[in-house]
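So, here's a batch of structures to check.
Shared between the two complexes below is chain A, which has chain B as its partner in the first and chain C in the second.
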Partner chain A sequence: MSYQIPRFRHPELPVNDLGYTKADYEGSISTLCAGCGHDSISGAIVNACHEMSIEPHKIAKLSGIGCSSKSPTYFLGNSHGFNSVHGRMPSVVTGAAMANRELLYLGVSGDGDTASIGMGQFAHVARRNLNMVYIVMNNGCYGLTKGQDSATADEGSASKKGDPNPFSSIDLCGTALQMGATFVARSFSGDKRQLVPLIKAAISHRGFALIDIISPCVTFNNNAGSTKSYEFVREHAEATGTIDFVPLSKEITTDYEAGTVHEVTMHNGSTIHLYKVDENHDPFDRRSALNTMEEYRANDTILTGLIYIDEDSRDLHDVLQTSQRPLNQLDETDLCPGNKMLENINASLR
Partner chain B sequence: MKQLSSVNDFVIKFANVNGTGSASANNLFAKALFRMGLAVSPKNIFPSNIQGLPTWYEVRVSEKGYLGRRGGVDIALSVNPQSMAQDIQDVEPGGYFIYDNTKPLDLRLLRDDVTIIGIPLTQICNEQYQDPRQRQLFKNVIYVGALAALLDMDFKVLTGLVEDQFKGKEKLVLPNIHALELGHHWVRTNLECPIGIRVETRERTEDRILLDGNTALGLGALYGGATVAAWYPITPSTSVVDAFEKYAKRVRIDPGTGRRNYAIIQAEDELAAIGMVIGASWNGARAFTATSGPGVSLMAEFLGLAYFAEIPTVLFNVQRAGPSTGMPTRTQQSDVLSCAYASHGDTKQVLLFPSTPKECFDFGALSFDLAERLQTPIILMTDLDLGMNDNMSEPLSWDDERRYDRGKVMTEEELEAGTEFGRYLDVDGDGICYRTYPGTHPTRGSFFTRGTSRDEYAVYTEKGEEYEKNMLRLMRKWETIPEHVPAPEVVESAHNTDSAVLYFGTSEASSREALDYLAEDGIHMNAMRIRAFPFNNDVKKFIERHKRVFVIEQNRDAQLRTLLMAEFEFGPDRLKSVLCFDGTPISARNIRKQIKGHLQGGNVTPLHRHTAARGRGEAS
Partner chain C sequence: MPVRPTDIKDPEYFHKVVDCQYACPAHTPVPEYIRLIAAGRYTDAYMINWQSNVFPGILGRTCDRPCEPACRRDRVEDEPVAICRLKRVAADNKGSIVDRLPEIPARKNGKRIALIGAGPASLTVARDLAPLGYSIDIFDNQFAGGGMMRSQIPAFRLPESVLNEEVDYILERGVNATFDIEVDSLRSILDQDYDAVFVGTGAPRGKGLNLPGLEDAMDNVYLGIDWLSSVAFEHTHSIGKRVLVLGGGNTAMDCCRTSKRLGGEDVRVVVRSPFEDMKASPWEKEDAMHEGIPIYNNHVPREFVVEDGRLKGMHFEKVEAIYDEDGKRSLVPTGEDLVFMEADDVLMAIGQENAFPWIERDLGIEFDKWDMPVIDEVTFQSTNEKVFFGGDAAFGPENVITAVAHGHQAAVSIDLFCRGEDVRDRPAPHVTLVSQKMGVHEWSYDNAVADDERYIVPLAPLEESLANRKMEVELGFDRDTGFKEAERCLNCDVQTVFDEVRCIECDACVDICPTDCITFTLNGQEDELRTRLSAPAGNLAQDLYVSNDLPTARVMVKDENVCLHCGLCAERCPTTAWDMQKFLYNVSKAGQAA
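Our next item is the complex of A and B:
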């Protein structure tokens, strides 16, 4: 069953630049388990889109199959959504993005949907640098089928009913980096302060932006012995630094010590400020990003924050040189060469 | 020995090694005959290999204008020792075997009922050319020149064709004409010309063109307004997207900005290809993919989604011989059932069956209108024979007044005016509902597309009655589809008859020819060509008004017959099968033989013997 959230709100909810309240970005009430990390991520998406004043109908949210992929029903109710086929969201987004370059494409997936059945499409959408935000709600298990280990479950990690997982885990950030993703971040559903600016930065990035978000499964994988539990992640997460998102029209008001801050101008004119913690980590260098990730992993630490960004990213539309006018707005006059050309073709075939 | 003798009526089969450039020379030969005004049908019979294996090229010329495969070989031209023993066996008694006699013929291969003609092709080449690649390529051109002399072809047509083909590469014109002359001259000097089989100029081709179905399909997609093509390479469909791209580069690139009004994506597999098509179509673009049987199998899950979520989807299936990898470079019509009911659950898919390049173009363009009007997948079923061979066809044409039918799409204005919108709400009673493109209106008209059950307003539900209601509406929509798709074509016999044949796609030409043969023997039959599924009710009536109906198709399992039985609930006695599944196009002689076999009794042949016998057919 799906429910509508009552449209009953405080009369003076703050509005954004477009005059929308946060309620205009919400969806149906969640049917996920109480305490599910995914709901916090939905909330962060709502906050990010509201604060960035994106018109809700200019977003398309697409997903595969699984608990994570159900979540798009629970945010952005005024956006078109597409709950597609297990592991195949990337191809559907690719087609959609080709049809209309003017929408913002938000893909939502899970660890099973991405790292197992959808591994091929995940790798290739990263490689094509499709202009999209790809959110993985990563809980290391298959929730809807009652808790089997997924391919991102760490070796030795045990879910509620299971034995310790004997297989090595797939690191989606590492995979994305190797496949050519141009924006790679990791976060934790319990850390909204980090997550919201990361989502905003991902939205502003032109190209493939992955945010792998550890999002504990309270029902099947939140027990002692699991490396995807709230407790474990809180104890073992370490951030690359903090990140501030500054929209185009806003003045920069925060003042951090000079020298520790990287200012990055995004494609849509907004800015992000990166405050690095680790001197050895260069988020603009793919190799450094990979090395840093490996080091943290070796120390049983989960590296969160913005791991890599390519400021000069060329997205798939750039590569294919598609028209600036969205392809779905073209009609006969733009597309059909007419009978005259056919007559010439006929003549050449005689 | 009685030699075969005819004017403008023969089958010649070239036996070559693949990768040696023989196909272009053979095509030159066929096109020259076409330019002489003759009805010609070339068929390339090639291996799944790039270089070194036997490959054949059959050209049929028909004074009566028949375009299907006749069966039998009157002239074999052999430049491949690997297959020589079989090639000489295939020649009809009284026929001709032309070979490269630089090396003497193995005496064991000799036949006394065939005229053997030796031409020292290798020797001529070795004397003329030093470069090994030139020797290989020009050997083919030399035998075309030789044939021109043997068959009394108009040599000027050949040289004119070479000039046209190498327009822009003038350096190649003279060497090719020289090679033609070498062969021509040698034959004129050393042999008696022409042989019993010869050609004369006619006016049989009228305004017709010589074109492969895949190029016609690519053009159909271009004219039909496709902007997104997503595909994965697979024989024999690859040239569909190649053709689309070739012409899109000519007419869809803005000369000022270099920006393109199309996007072609070579996907990582067929699953992704169809996913991209569905995503693009969902978002209001016209999109298509082209594939073959194995690709359709991979796309099956997505086809179920497109059927159930009602997303326009265009898929061109260029069929080949299956199952599995089967014979990937040979032709069949064997995906009828897997496409008609593609995907799990209760699904039915719309199929279109073109039989000429002109229909590939027309149906190709029509697919996009149908997909958007009916909001469901349209699977266009062609095959290797039609797709990859040059077929003589009516010219292509387009009505410049024609507008695309974008189907039921609710606009921003309608939403703003307060028109009720339910994505799966049937307001017109035809089972087809309004959709909205993403991004249409800030607060109205958004919905959630899903493969799960939902109510009329696209809200998830597992209520059995809602699910049933939706499935019944889909059935209501299905029942309206025959009004929209191409209707069957009937050819009535001049005589009263209670016998008939049914066929579709590339079986048409051979079937029509076989009916003429049968009529000469006093067996008269009506004919119907099926052009789409779901079947029009006329198909049912046609079957019912005949006592005996033969279904002609190119697969083992009589798939169209099964589909007719399932959809119309005919008993198994109602429809007899005429089948060919050896990977070559069905021939007129084969059809005649099978129908005669049925009519002369033997109706109670046990199924397994029956099936086994079909596989052998005759030298089809």
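Our next item is the complex of A and C:
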């Protein structure tokens, strides 16, 4: 019987620029159900952070409540973590980000935590364009409470013991676009080849980056009749195109035909290459993104990949002109600049 | 060409995954008996060994252990499981096995077999054939059975009581042995109308060095193996204070350590090659050095120095090893002055060879250009269909476990031959593959992987053991340590079996695997496929387990190399596409065709 993972790792694991192996980005062994899509997303986050050589102590992972929100325990064991109140992760991230803009904020939430109890917070954090990665592990059901339909369950979709869902579903990507999110993507836990570069791109984006990841609940929502099962998603997903992430230091090599590639330089100097499949879809145009999403939805197809990106995003720090230095690094002379400064301020108000 | 899906119905596929068993010449099911040791079932563990390698107590002390360098633990950690010494734990702690030994039928089958030599190969043939009703006559020139195990392995490594016990399990059960008899004519044996004859006479001739001065030094120069047997048979009780042992193999190690116990004070091993290239097992070199015996490498013996008709010492030329592009070594003199080492006695342990002066050359046994008999490598039959060879006598000096493996196969051949069947029609191995699942997180084997480093076998105090030639140096693991060492075994025989029909490609196994063995990807040519796996897969000696195509057109590829057999893939699999199944592989012995 083992609830512990062996200590041994592959002896030839590649090391990143920091000298760390993938194992240095792992967390505790998962207690989620065997085959849960969330574990694959955890694996993708581990891969992305390792390959990008992010220092683990420069990452803060924050979550709400639910199966999804348990999962930060299972990755990035050497990073900061905060498991907040149900649906209130965005507020906590906002506070943390205001206090210290130097960390990478990784919000992890689920469909209940985001689209039900946390809907209000989700809408506002998107609207404010807080610089964070917001990952939704979306399985269309409340797995932790025996699989009731959630707000993202598609109309007509049936979970294991349930009737077809009579309500219209919330499309988180659509909502985020409406609310002004500047990076919107959808992916599938069972497709790491797409997911890992998307996470890297989201990390590199300055502003609010949403990845809505369909993540089948093997226990309650992986049956025939469900639109969030491994089989259904595989059959109905269509990608906007493929995406390559090219870190700053690497030489760009591509064997794609010229003209089909969009090269996007990210805020941190890295590059993403977008290879589009659908000519009508312009990921730099919000209206086109919304239209394309609606079209695919009308055809019962799940659109995955990078749906929208605003390259000139101004994030909340830009807007509010927050402190460049983390608050905990400000000393008394910074915070109490003295009588002269006070007089200047008073004078300016006269 | 994409890689063909792995055929796990071929017993050799999973056999190869059990690295230790695969490397063992006798293919002893190692993890199976190690689990029994951990369970405290020492007698059961012993019997698995006894069935397979005939001499568990002897081999648990003296085996060349080809299994250990092969051990998977060596690839994920630093040190292999102490397989050999665990075998000894089973032997040391077992109960009586007499009621478990095979029945020897009172009514014989009418076939008579002669075995020349009573070493490990012949004894194995006798053990396998006696229960089938064969009448067996063994002839040996020593006073008791065991062959080189008796004459060449010193008592401080192998106590006589252990040797006698395991030899007697065979000789006291329906075998007619004649000792102290020198068979000097194979014709005389064949004339007695045996149905088959097995030659297991070992490699009895020590090689010597004919150097200047040898003639005058002769009184103080000995061949290593002859000297060791002279000590073992109590003809020799002492040696000079200064002893030079020439040679770098295990016999040299036994010679120097024995010398140290017979009065040698300044005992040195002098070897031509670099230290790393010496033929002796690393642990035997360590044991010698632990007893204060220096090893002088890169010294080529040049002459015996004799003064006033007495050996004074030897001259050596210093060399260095130069390796060419193909790794071929040449020893090039450094040009320094010859090195002189004083010596009262010199033991030459530079190799041994087969010798068959007693086999007439007109018996239908073909001899090759090196004057060695031509033996079939599978059947061990000579060109005289009635005469079979095994052990060192077949293909030159190897080791005990190889001799045992030969003995099993020769016995199979002799049985087939005596029944008028084709000796080339080899019996398939006995194989079972059984799920170990007991519950959601429960397996019938201990799948947690112990972090412990290899345990050291305790030794008797150096001074005491050097004072007594018969005192066993190694004390063996006690039961507690034996348990802890047994827990280091990764249970490589509990196989990860994949059923692609059940797989939903959720990646759970990929994510959980601690050693990144599993990848789902498009198929391709093996060398190219190996570059696309989750972790480096450069160990080409280890196979890839490749599934049939899955619904996404990908395949599951598992690199067997550093799989811990921890079962987490199967625990995390929601559809039991992965299962942990125990693979038991037993070589078929004579009369046991599957």
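Things worth noting here:
In this section, the second predicted complex is superposed on the first by the 328 of 350 C-alpha atoms of A that agree within 3 Å, B and C clash if a C-alpha of one lies under 4 Å from a C-alpha of the other, contacts with A are read in each partner's own complex, and residues count from 1 in each chain.
One rule holds for everything that comes next: a contact is a pair of C-beta atoms (placed from the backbone, for glycine too) under 8 Å apart; a residue touches a chain by one contact, two chains touch by 3 or more.
If you're wondering where the values come from, they're calculated on a predicted model, not measured in any experiment.
Within the superposed three-chain model, A:320 lies in touch with chain B and out of touch with chain C [touch as defined at top]. After overlaying the two complexes on the shared chain, residue contacts for A:293 are found with neither chain B nor chain C.
Contacts of A:9 after superposition: chain C is touched, whereas chain B is not reached. When the two complexes are superposed on chain A, the residues of chain A that touch both chain B and chain C are 1-2. Listed in rising order, the residues of chain A touching chain C in the complex are 1-14, 22, 29-30, 33-37, 39-40, 42-43, 189-190, 192, 216, 218, 222, 230-231, 234.
If you check the complex, the residues on chain C that touch chain A are 75-77, 441-443, 447-449, 451, 504-508, 510-512, 514-517, 535-536, 538, 551-552, 562, 564, 566-568, 571-575. Those residues of chain B whose C-beta lies close enough to touch chain A in the complex are 34-35, 205, 207-211, 219, 222-223, 225, 227-228, 230, 247, 251-252, 254, 257-265, 267-269, 271-285, 287, 301-302, 305, 395-400, 402-404, 436-443, 446-452, 459-462. Partner chain B is touched in their complex by these residues of chain A: 1-2, 24, 55-58, 60, 62, 72-73, 77-85, 88, 90-100, 102-103, 120-121, 123-124, 128, 320-324, 327-328, 330-332, 334-339, 341-343, 345-346, 349-350.
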